[in-house]
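In structure tokens below, several structures.
Common to both upcoming complexes is subunit A, partnered first by subunit B, then by subunit C.
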Partner chain A sequence: MWHETDSAGAAVRGKSDWPFYCGLGLLTSVYLILIVTMLLAAGSYTTWGHLGAAFSSPAIRYSIRLSLLSCTLTTLLSLCVGVPTGYLLSRFRFPGIGVIDALLDVPIVLPPLVIGLCLLILFQTSPGRWLQGWVPITYAIPSVVLAQFTVSCAFAVRTMLVTFDQISPRCEQVALTLGCSRTQAFWTVALPEARRGILTAATLVWARSLGEFGPVLIFSGATRMRTEVLPTTVFLELSTGNIEAAVAVSLLMIVAAVVVLAITRAFGVRGHREFLP
Partner chain B sequence: MVSEIFSNDRRRRGAIVRGWLVALGMIAAVGVLVLLLWLQGRAGAQARGEGSDTLLVYCAAGIKPVAEEAARDYLKEFHTTVQLQYGGSGTLLADMQVARVGDLFIAADASYIRIAREKGLVSQTVALAKQRPVIVVHKGNPKAVKGLADLQRPDVSVAMANPEAASVGRVAQKLLEKTGQWKELKQHVRVFKPTVNDVANDVKIDSVDAAIVWDSTGRQYPELELVHVPVLEAGVETVTIGVLVYAKHPERALAFANYLAQADRGQKLFAKYGYETVAGGAASRPATESTH
Partner chain C sequence: MIAVEKLSVGVGGFMLQDISFEVPAGNYAVLMGRTGSGKTTLVEAICGLRRVSAGRVLLRNQDVTGLKPAQRGIGYVPQDGALFSTMTVRENLGFALSIRGIKGAAVDARIKELAGWLGISGLLKRGIRGLSGGERQRIALGRALAARPSVLCMDEPLSALDDETREQMYGLLQTVNKHENVTVLHVTHNRQDADRLADQILRFDHGRVS
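Moving on, here comes the complex of A and B:
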């Protein structure tokens, strides 16, 4: 196929396409080389000994567990909110939809530190304080999930909105004419069709939460064995000059990211392609 | 035809049930995760030996090694957990005003405690240790940095702590402004970082050649070498701890502050990590006033 188009094009136009292909290849490889050398450089800054020492530290183990648990919970919560919100915005038109659409993008555009600060201030207001009388949030584990959720949910909403936009409402309309209620049409037609989009949203949210640092630092603090997630560990190890442990934990996060990408690919979903607004 | 619709209907109902199962499964999964997180929190609290007695301490990042070890010892001896929150002294000062919780504030120099007192955030204070700014370079001093003049050489790249965020940056700025060297050096500094350790890290991984940090910080890095400079030596500062007005049990907070100042407890740790202690002979030298 490659040869066919190449020779056919060359015969008609009398010009070679090779410079074009070379240009494409060159520009792509520049970025690939950057990614690969970056990973190799990080890898060269640590040894098996450092990795072993890092992963036998109880604080780092705690942060691995907390990261995995909080990211998974964040993912589920984001889907619970993101799927219906995306469906609502995609299928229905009502006054004020433009404002809602814009508001839902705010967490994506706001700098992470600002989100953390806003959350911190929110929970010092009197309703926030009242709530904290029941459940401690600021500087405790719930704040980690809340900080991750605030940012990641916006990505879930965006992904699901695009997903439902790409699914023709025709099938649901047919279901309605056949006697389905709106609820039934959603559960039996729209949701199964959006399966791949949901999976994309889930991986995107999970990976995004794993790397979330700005809001967590401000809103949850950097307390060892309490609100310490993996990016916090990297930060804490760096702040005591233990660069080797910081790199070891970074490598772990790189591996986790690669695994997530591999899972996404295995289910045949092309990364963020469906996410592009 | 009728049977076809009927069977469709049945299949659809099956799918509806599956829809509710999805919803229920989701709720169950969320419940399980919340439970696991709660257990995780408890496990962490137990690992830290946390009971109902917990002190939240805002701690200047440079003091971290001492504070961490002191917190461990204190827990063993008095069964009180000390929870540490790190940052640059200036950053922490801003944090605690927003959060309005916490028991103690360890600042890298007394001026932040003074500011905190002026803002009505701090009641009692205790002096803990002394430190002074020095130049640090990589072991062996490959660029032969001997003094402040060398920091302005074009072949020497310099990192400094941000004067707004970290104590050492502010102190160095004050000292160099007096000698009129600040403006030039500021132009030459390649990067400003938020805490003193970030600056020392830069020298450790060779991304800059020299930096101005606390002597105590420099001593905690085996990869670094200290270059003492008279102008900077003058800037002796006192690591100070203050009891916050937000403290629920100020007497318990003060007890930990005194523990850090105790010669055979906290002071031993400060000495171990390369600080000049206040309990030693140097105590007679008033800290902030000696800055001329």
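Moving on, here comes the complex of A and C:
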């Protein structure tokens, strides 16, 4: 049964409207068919044997472990930065907020390869080289996390900004009159109210990090058993002609993406559709 | 008592200027004014939720203009109740006490007392979702009174209620004033609210209180 979602409610449809509805349905179907057939094609290209062979490879197992570790670390770091930044931008007005808001979108709009290149150059500057004297970053595991964090954190900020925008500040104001400091109002009222948004942000960041390739390739390199994450594996296997292994790893990423999508849809808050993976 | 002396508050493009009035201790004052006249801004300034550009706010004969909301000893009930949706009714009622580090029997006794005379004893274990407008306002009222403030500010607390619930709330609000011995400032645009509840009617018109 079809329903119109405008505030006027579903209107009576006449025959003359059918070409319009058919047009909408047709155009939507074209894209849906493309997505479904693409996934089915990838699924049908591989066999259990290919999957078994791929996942018994030490390099691929390393890549899975590093992906899980780096994505989890990136998610935690992104929440640590994204939650307070989203709260700041949602609740306070101060000079320069427009510039800050625009800057936070830069990692989303910049080409991923450019971000990787910029990170590489950053760590060739004097402060970057000084830092690398203490902790090796470029072409090492920390660079994987940093590359993923640079892009994914922007999504955490955007998601948390929308989340806090949807939560009325009135509850926090009441908490202030009831005896809370600003910090207590944040921890006891705002943060629990934002829990669904935090879960959405975490799943989005995790999924985004899992698929991050461009910045990782440039900033971390594509060294087997060292900085190899799942997208790197797909790239390396394709470049050596091992399409079966590339497809098997891709399927793993598809499954992870579907699980994340399901979690986000089940627990996500309204208004987050624009950030869904 | 509540006293506002030559208070000026800026809100976006407009400014409330030179607002002065006084509500003697124990009075039930109703501040009336049209929608958009700045009544809510005035209440927020008294509660310390809005910065004041000039003038003073005195509560219990003490200048609180520079104090944080938490230090003013005001109970605040906003229009929509603004209940904490992640907490149960009991946790909402006990919030002001728990934030002050009060625990155990003292909190239980106060919650029981408030729930009893607010008629919400049966709701204590429930969450906030699914409560009626009248139940929400009773809980918001109980939460605001839990720490025994001497001043209670309510911003259109009855505006979203049906006639029958509104009638019940009139009786309850009159009891609040006497039972809890608080000075009440009740903001509304409804004439009937003022007629039924007020010891003192303040009219807010063109940025002036008369």
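Just so it is clear, the second predicted complex is superposed on the first by the 241 of 277 C-alpha atoms of A that agree within 3 Å, B and C clash if a C-alpha of one lies under 4 Å from a C-alpha of the other, contacts with A are read in each partner's own complex, and residues count from 1 in each chain.
The definition used in the following text is that contacts are C-beta pairs under 8 Å (C-beta built on N, C-alpha and C of every residue); 3 or more make two chains touch, one makes a residue touch a chain.
Values in this document were obtained by computation on a predicted structure and should not be read as measured data.
When the two structures are aligned on the shared chain, A:T188 is found in touch with subunit B and with subunit C. Applying the stated contact rule after C-alpha superposition, one finds that A:R170 touches subunit C and leaves subunit B untouched. In the superposition on chain A, A:M253 contacts neither subunit B nor subunit C. Of the two partner chains placed by the overlay, neither subunit B nor subunit C lies in contact with A:A245. Touching more residues of subunit A than its counterpart among subunit B and subunit C is B. In the superposition on chain A, A:S70 contacts subunit B only, with no contact to subunit C.
By the document's definition of touching, neither partner reaches A:L210: not subunit B, not subunit C.
When the two structures are aligned on the shared chain, A:L178 is found in touch with subunit B and with subunit C. When the shared chain is aligned, no partner comes close enough to touch A:A201: not subunit B, not subunit C. Residue overlap on subunit A between the subunit B contacts of one complex and the subunit C contacts of the other covers 178-180, 184, 188, 192.
If you check the complex, the residues on subunit C that touch subunit A are 44, 47-49, 68-70, 72, 74-76, 78, 80, 82-87, 95-96, 99-100, 140, 143-144, 146-147. Interface of subunit B with subunit A (complex): residues 8-9, 12, 15-16, 18-20, 22, 26, 29-30, 33-34, 36-38, 40-41, 43-45, 47-48, 56, 61, 64-65, 68, 83-86, 95, 98-101, 195, 197-198, 200-201, 204-205, 220-221. On the subunit A side of its complex with subunit C, the touching residues are 168, 170-171, 173-181, 184, 188-189, 192-193, 195. Per the touch definition, subunit A reaches subunit B in the complex via residues 58, 62, 65-66, 69-70, 72-73, 76-77, 79-80, 117, 120-121, 124, 138-141, 145, 178-180, 184, 186-188, 191-192, 218, 221-226, 236, 238-241, 243.
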